[in-house]
Structures are given as C-alpha cells and as structure tokens.
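Multiple structures are listed underneath, in structure tokens.
Presented sequentially are two complexes of chain A, the first with chain B as partner and the second with chain C.
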Partner chain A sequence: MNNDNDKGICLFAYNNEKIDYCKIATICGMLAKTNLNLPVALVSDEGTVSWLQETVDKKYIERAFDYFIVENVVHESNKRIHHDSPWFEFVAEFKNSNKHDIYNLSPFKKTLLIDSDYFILSNNLEKIFDTDFNLAMFEQAKTVRNDYPGLREIWLSDNGIKMWWSTVIYFTKNPLTKMFFELWNHVKDNYDYYQFLYKFPKGLYRTDFAVSIATHILNGRVTGDIVNNLPQNFMYFSKQEDDIFNVNDQTIFFLANDVRENWKDIPVNWHDQDVHIMNKQAILRHYNNFLEFYD
Partner chain B sequence: MINKVEIIEQEGILFFIDVNTAVNYERMLELAIKSIKYYNNDIKIALVLVNDQGDKVKNYCNNFVDYIIDIPAFVDTFGRKKKISNINQIYWASPFKKNIYIDCDFIILNKIDHWFELLDKRPFLFTSSCKDFRGQIFESNNYKQFFYKLGLDFVYSNIFMFNKDNDETLEFFNILTQIQANYQFFYDKFIELPFEEEDLNIDISLALKLTDNIDKITNNLINWIDLNPKKVNYTDKKNYDFYKYVNLWFTPNKKIKYENYILLDPVHYANKKFINSEFIEDVYKNLV
Partner chain C sequence: MDERLQRSLEFSNYRLTIANQKNNIKNQVLDKLIVYFNSGQFIADPITLAYIKTLSEFNKEAIVLDSLRNPIKITNLKEFLEKLLTVHNESLNNYYSEFQKINRARNVKKLLNLEDYE
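And then the complex of A and B:
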C-alpha cells in the first residue's frame, strides 16, 4: 500500500446475512470518486472482499476502489432493527465496532471517512481538504423532506449533549485526532457506563453517540470547537421508512414517508446534494440502475 | 431620593435587597458573595439595603460584605411580590466609581474583575443575551418578540454596569427613578398594555429608550448562564424547579456541573427555593 497519499476517502463494508454492504459500498465508492476525484480505500474483511470479487463486475470494483484494507474483526453482537419502508422490518447485525480504528487503518494523511450508505452527489466535501481543520463532522441533519430528525438525534437526552453524526468524519492525522479516536474506543469499551452517565437510549451501539461523547470530553465538558462542522449546513438523510422508486444518472427519486401518517409519501427528486440513504434494501433494489450510469 | 454617598473605592460589585421575609435573600447573598470572593478575593462588595425589618439582615450580612448602605424606601413596596422599585437608588448609594450590579440569585465561580474594563469607554451598559447550561446563546425569542411588540428593545436586568458621577448615567437613573415611582403612568403612556405588576426589564428598557441610550444594550460582552427557564415554557415545572429534575454536582475544582456540562460562566438560578436545596448545602460545605 502506498502510504504517501495526502488525501483520500475511506469506507467500511462488513456484510451480514441480510445486507450486501459490498454492493452498496461499490456504488458509494464510484459516486465518491466521480464527484470528489479522490482515491477510495475500502476497509473490509476477507469474506466480504471475496464476496465482492465474486458478485461485482471487476470493472466496477476497479472504478470504485483504489485500496483494500482487510481487517478481520470479531464484531460483538450488535443487532439492529432495520426497516424497509414502514411496512417491513428485519433484524440484522450492525458491524460497526472497529470504526474508530480508521485512524490506524487509513492510508491517507487527510481522510474523509464516509458510511457506505452516504452517497456523494456533489463536490461540497472537496472544500474540507483545503481547511486546516483537525476534525469535522455534521452537527445538524435534515431529512429529504426537509424535516429535522427526532429529538434523540439532536440531543442525547433531555438535558444531554449535542449529537454529532458519525456518518461522515474528516480528520487529519495528528496527536489530537489520535486522542479523539482513542477516546471513542474508550467510550465503546465502557458503553454501558457512558449510557448511564449520558442517559442516551439503551441497546444498539451507535457510533454517533460515541463520537458525541468523545467530542464533549475533548472539549472539556463544555460546548467547544474541537470538532468543526463539515462545509454544508446539514447532513441530509433519507429514513429507513423512505423508499427509492427510481434512479436516473445521479438523480435519486425517493418516496419520502411521513413519520406521523405512514400511509402518506411524497415523491422527492434528489440531485446535486449528498445524501445518507438509510434504507439499504432500497439501494440494493436499484443497484443495477446506479451502475447503469457508469456503463 | 437618598443623599448621595461619596465614592470611596474605584470599583466594586453592588447588590441590592429590598428585604422580603418570604425570600431568604441573606443566604442567597452570602452564597453569591462567597463565590465571588473565592475567585476574586480583592473585589470590594457593597450591599444597598432597603430595610424595614430591623437589623437582622444587616447583622447577618456584615460578616461578608465590605459596605452596607442602608437606605430609606423611596417607593413604598409593602405587599408587592417583587420589590424592585427602589433599585434605581443604587446609583446614588454606591460607594464605587465603577459598578457591576448583580442579582442575589447568582453563583459566580469565575474571575470577573476584567468586566470593569468594559466601563473604560462606556458610561453604563446592559446586556440582552445570556447562555443556557450548554454554554450556547439562549434564544429567548418569545420574550424578545414580546418586547418588540411593546416597541421596546429586550434587555436583561440581572447584571448591568455603570460609572458613577457620569452625566449620561445620571440622566438614565433619573428617568428610571421616575418610571419606577410612577410605572402605571409610564406604562399607560408608552407601552399601552396594562400590567398588573411592575417589571424591571421593562422599566430599564423604557428608560433606555426615553434617554436615547439603546446603544448601551450589548450582546455577548458579558457571559452568564441562565438556568431558568431552559425552554420557553413558563408553565412547565421542570423549567422553574429545574434542580429537582437534573443532576447537579459541585466539582473538586469548585465548578458546578449540570448533568454532563461544566458551567464556566456565572450562574443565574432564578429560583428562591433552590437556595434551600441539598446541592446548595454541598456548595456551602465545600466553598465556604
């Protein structure tokens, strides 16, 4: 591996029995490379990489990824209820327990870590590499309906700290960011204690909560500026209850669900703006449509 | 109006109490002053006291206040819930050239002596912003809108500063005195909204407007934290009696921790019952 790279993008993809993350990561990698023109490294395990080579056309793999970082990890059980529209749900393992290792795994000096379901449809994030920021994430989010997320995705509890989204993390390698990722690991290792202290919902290990706590501690337990905002006011996301009804070039047509009246959807034509698509099955249903753009 | 007290000290902090047997002002004052003294040992403190309750309060406060100035009531506040109508008298009663006025319901675990520098270039100043416990600017938009509808600029009365023996300050306090002595007349004439009781924030804002001193309302120059209300919802007990619903700690390095936030700025708790809480007992034990 070439360790002299200045800047690049990293993705994690660990398949489980229900979701083919390597296909999602392939789309994600191609979109990121097309719109940001940066090398992409995929962090995965042997099983997922061999499944990728078996099921995804070589030309797409070459287009999507420049590096493969094979990290075989025994993930702790972290079962998550996934929704595919409001009408179907399933339980699958959420393998995110080594995300904090990106500091050691990334081959880049300046890394943009994105979740494999964060689709880059603009060059907004290009600007972050021109800053002198140590660390940046999204502090605020909005749905594709332009609604704010639920309260627990703004504050960890009623009197709690601000939630930062770990979906997209930009960092430069230096002692401060090393400390941040080590602190994140510490929060993960003592998750029950921090759940008690910060009063966030029990159960699923959420990296959003872990990075929020690490940020709060690094700031000296006050509102501070250790972490910067990414160059965009909001991280836009499509909920698991939303569906995709078409993909055309780099335009995604969502059926955005009304959380209060689930039988109501509005069609949303989405383009030129990055989006976090939480309904993985919807992405996979349109896998071939996404690839068509690159044929 | 009281006889003017001559300037004795260059700068100091002023407190004002119109003694009210329903409120434990003495203990609030003791906590406020002892917290100030912990971090600002050299600062002089004066208490302006409107007192028709004998010497009990005076004797109690003598232990921790540098100057006690006992003044007669210019406006009779007997029976009023909020006894604030004589606060304007602090201008004449103060023994300091540079004055910082602070409400009694504050805990000030910070260095604040640099605030006096703000009076180098201004005759007086008020503030229209404060922070919440998270350290973020508290946007009391509803309250601000209410002032706006009255044709006034929003201003807080909890902390303000002034130079004594200054013509502009004198003019301001003269008008404030008139407003507080005749608030119903002034409210009828300038606000056109009936108020059951006098409101100090409105008195000050109106005095600033009438003396053409709106520019003395500053933003973000003085930082302090308001714990009440957390949200703009005045009927929710969780706002007013916040201390019953949140975890508070007094840390070994003499700071207040509100849930997971360390409060780095002066804290306005704005709840008279809070002074009798277990947490305050803990602060007393560890601070005094």
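And then the complex of A and C:
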C-alpha cells in the first residue's frame, strides 16, 4: 500500500446474514469517486471481500475501490432492529466495533470516513480538504422531507450533551486526532459506565454516542470547537421507513414516510446533495439501477 | 368521497410535494454558499459580498470575522471577493433554474421529472 497518499475516502463494510454491505459499499465507492475524485479504501474482512469478488463484477470493484484493507475482527454482538418501510422489520448484527481503528487503518493523511450507506451525490465535501480542520463531523441533520431527527438524535439525554453524527468523519492524522480515536475506543470499552454517566438509551452500541462523548470530554467537558462542522448545514438522511421507488443516473426518488401517519408518503426527487440512506434493503432493491449509471 | 374534497386533497398533496422540493433546493443552495478561505469559513451571501467589496476598495488585506466568529486574516481581498462572487453566482444561477423548473411543473410527475416513469 502506498502510504504517501495525501487524501482519500475510507469505507467500512462487514456483511451480516441479512444485509449485503459489500454491494452497498460498491455503489457508495463509485459515487464517492465520481463526485469527489479521490481514492477510496474499503475496510472489510476476508469473508466480505471474497463475497464481493464472487458477486460483484470486477469492473465495478475496480471503479469503486483503490485499496482493500482486510481487518478480521471478532465483533461483539450488537443486534439492531432494521426497518424496511414502516411495514417490515428484521433484526441483524450491526458490526461497528472497530470504526475507531480508522486512525491506524487509513492509508491517507487526510481521511474522509463515510458510512457505506452515505451516498455522495455532490462535491460539497471536497471543500473540507481546503481547511486546516483537525476533525469534522455533522452536528445537525434533516430528513429528505425536511423533518428534524428524533430528540435522542439531537441530544443524548434530556439534560445531556449534543449528539454528533459519526456517519461522516473527516480527520487529519496528528496527535490530537489520535487522542480522539483512542478516547472513542475507551468509551466503547466502558460503554455501560458512559451510558450511566451520560444517560443515553441502553442497548445498541452507537458510534454516534461514543464520538459525542469523546468530543465533549476533549472540549473540556463543555461545548467547544475541537470538532468542526462539515461543509454542509445539515446531514441529510432518509429514514428506514422511507423507500426508494426509482433511481435514474444520480437522482434518487424516495417515498418519504410521514412518521406521525405511516400510511402517508410523499415523493421526493433527490439530486446534487449527499444523503444517508438508512433503509439498506431499499438500496439493494435498486442495486442494478445504481450500477446502470456506470455501464 | 365528495368530489370537491377529493380534488382539494389531491391539490394539497401536490402542494406538499412542491413545498418539500423547494425546501430541499433551498438547503442545497445554502450549502453551496459555504466558502473556505485563508482557514476561515464564510458564507457567500450579500452581506459578506458587500463587506468584502468595501474592504477591498481601501485595503489589500484585512482581518475579518468568519461565520464562526473567528478573526481571519484575509491576505488577498480581491482574490477572496472573486471567489465569493463566483460561488454566489453559480449557486444562485442553479437555484433560479431549479426554481423555474418547479414553478413550471403542473403535476407531480413533471415536478419530480418522472414523466417517463410508469
């Protein structure tokens, strides 16, 4: 691996028995390379990489990824309820226990770490590489139908700290960011204690909560500026209850669900703006449509 | 259902879709207006443009507050003004053309650019 790379994108993809993350990561990688023109590294395990080579056409793999970083990790059980529209749900393992290792795994000096279901459809994030920020994430989010997220995705508890989204993390390698990722690891290792201290909901290990706590501690346990906002006012996301009904080039057509009245959807034409698509099965249903753009 | 109510509800849903598309485009433009220069973060809005234009008429460089209220030394005001203007014009041209498309659409299919979709 060439360690002289100045800047690039990293993705994690660990398949589970229900969700084919390597297919999602392939679309994600191709969109990221097309719109940001940066090399992409995939962090995965042997099983997922061999499944990728078996099931995804070589030409798409070559277009999506420049580096493979094979990291076999024994993930602790972290079961999550996934929704595919409001009408269907399933339980699957959420393998996110080594996300903090990105500091050591990334081959780049300046890294943009994105979740594999964060689809880059604009060049907005290009601007982050013009800054001298050490660390940047999204603090605010909005859905594709312009709703704000639930209260626990804004604040960790009623009297608690603000939540930062770990969906997209930009960092430059230096002692400060090394400390941040090590602290994140410490929070993960002592998750029950920090759950008690910060009073966030029990259960699923959420990297959003871990990065928010690490940020709060490094800020001197007050609101501070150790982490900057990424160059967008919001992280836009489509909820697990939303569906995709069409994909055309780089335009995604969502059926955005009304959280208060689940039988109501509105159609949304989404383009030129990055989006975090939480309904993984909806992405997979349109896998071939996404690839068509690259044929 | 009463036909008058049905027609009104259909129109209401159409307006809801339009309002959402307009909000999404507005968000898109506000994001495009973010500019980084000399390690500061700025918004290429009319106030910043007018302020930098005024400063550039009297100085080559200046200290200005960025959008995070940090003092930033702008070493080349003319270059900064050009960058702000470029970003501002590109973003607003794009906003205008998207906005026109929405205003011209008379149904949801046209609004979403889905005329070929079955």
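Here are some notes:
Basically, the second predicted complex is superposed on the first by the 295 of 295 C-alpha atoms of A that agree within 3 Å, B and C clash if a C-alpha of one lies under 4 Å from a C-alpha of the other, contacts with A are read in each partner's own complex, and residues count from 1 in each chain.
Heads up, the rule we're going with is that a contact is a pair of C-beta atoms (placed from the backbone, for glycine too) under 8 Å apart; a residue touches a chain by one contact, two chains touch by 3 or more.
Just so it is clear, the structure is predicted and the values come from calculations on it, not from any experiment.
Touch criterion not met for A:F12: it reaches neither chain B nor chain C. Of the two partner chains, chain C is the only one touched by A:N124; chain B is not. In the superposed model, A:F180 makes contact with neither chain B nor chain C. Judged by the number of chain A residues each one touches, C leads among chain B and chain C. Within the superposed three-chain model, A:F108 lies out of touch with both chain B and chain C [touch as defined at top]. When the two structures are aligned on the shared chain, A:K162 is found in touch with chain B, with no touch to chain C. When the two structures are aligned on the shared chain, A:L197 is found in touch with chain B, with no touch to chain C.
Look at A:F138: by the touch rule set out above, it reaches neither chain B nor chain C.
In the overlay built on the shared chain, the residue A:H216 is in contact with chain B alone; chain C does not reach it.
Within the superposed three-chain model, A:Y170 lies out of touch with both chain B and chain C [touch as defined at top]. Put simply, chain A touches chain C in their complex at residues 122, 124, 127, 130-132, 142, 144-146, 225, 231-234, 236, 246, 251, 253, 256, 266-270, 272-273.
Against chain A, the residues of chain C that register as touching in their complex are 13, 16-17, 20-21, 23-24, 27-28, 30-32, 34-36, 39, 41, 68, 108, 111-114, 117.
In the complex of the two chains, the chain A residues touching chain B come out as 157, 159-162, 197-199, 216, 220-223.
By the touch criterion given at the top, residues 133-136, 230, 246, 257-262, 264 of chain B touch chain A in their complex.
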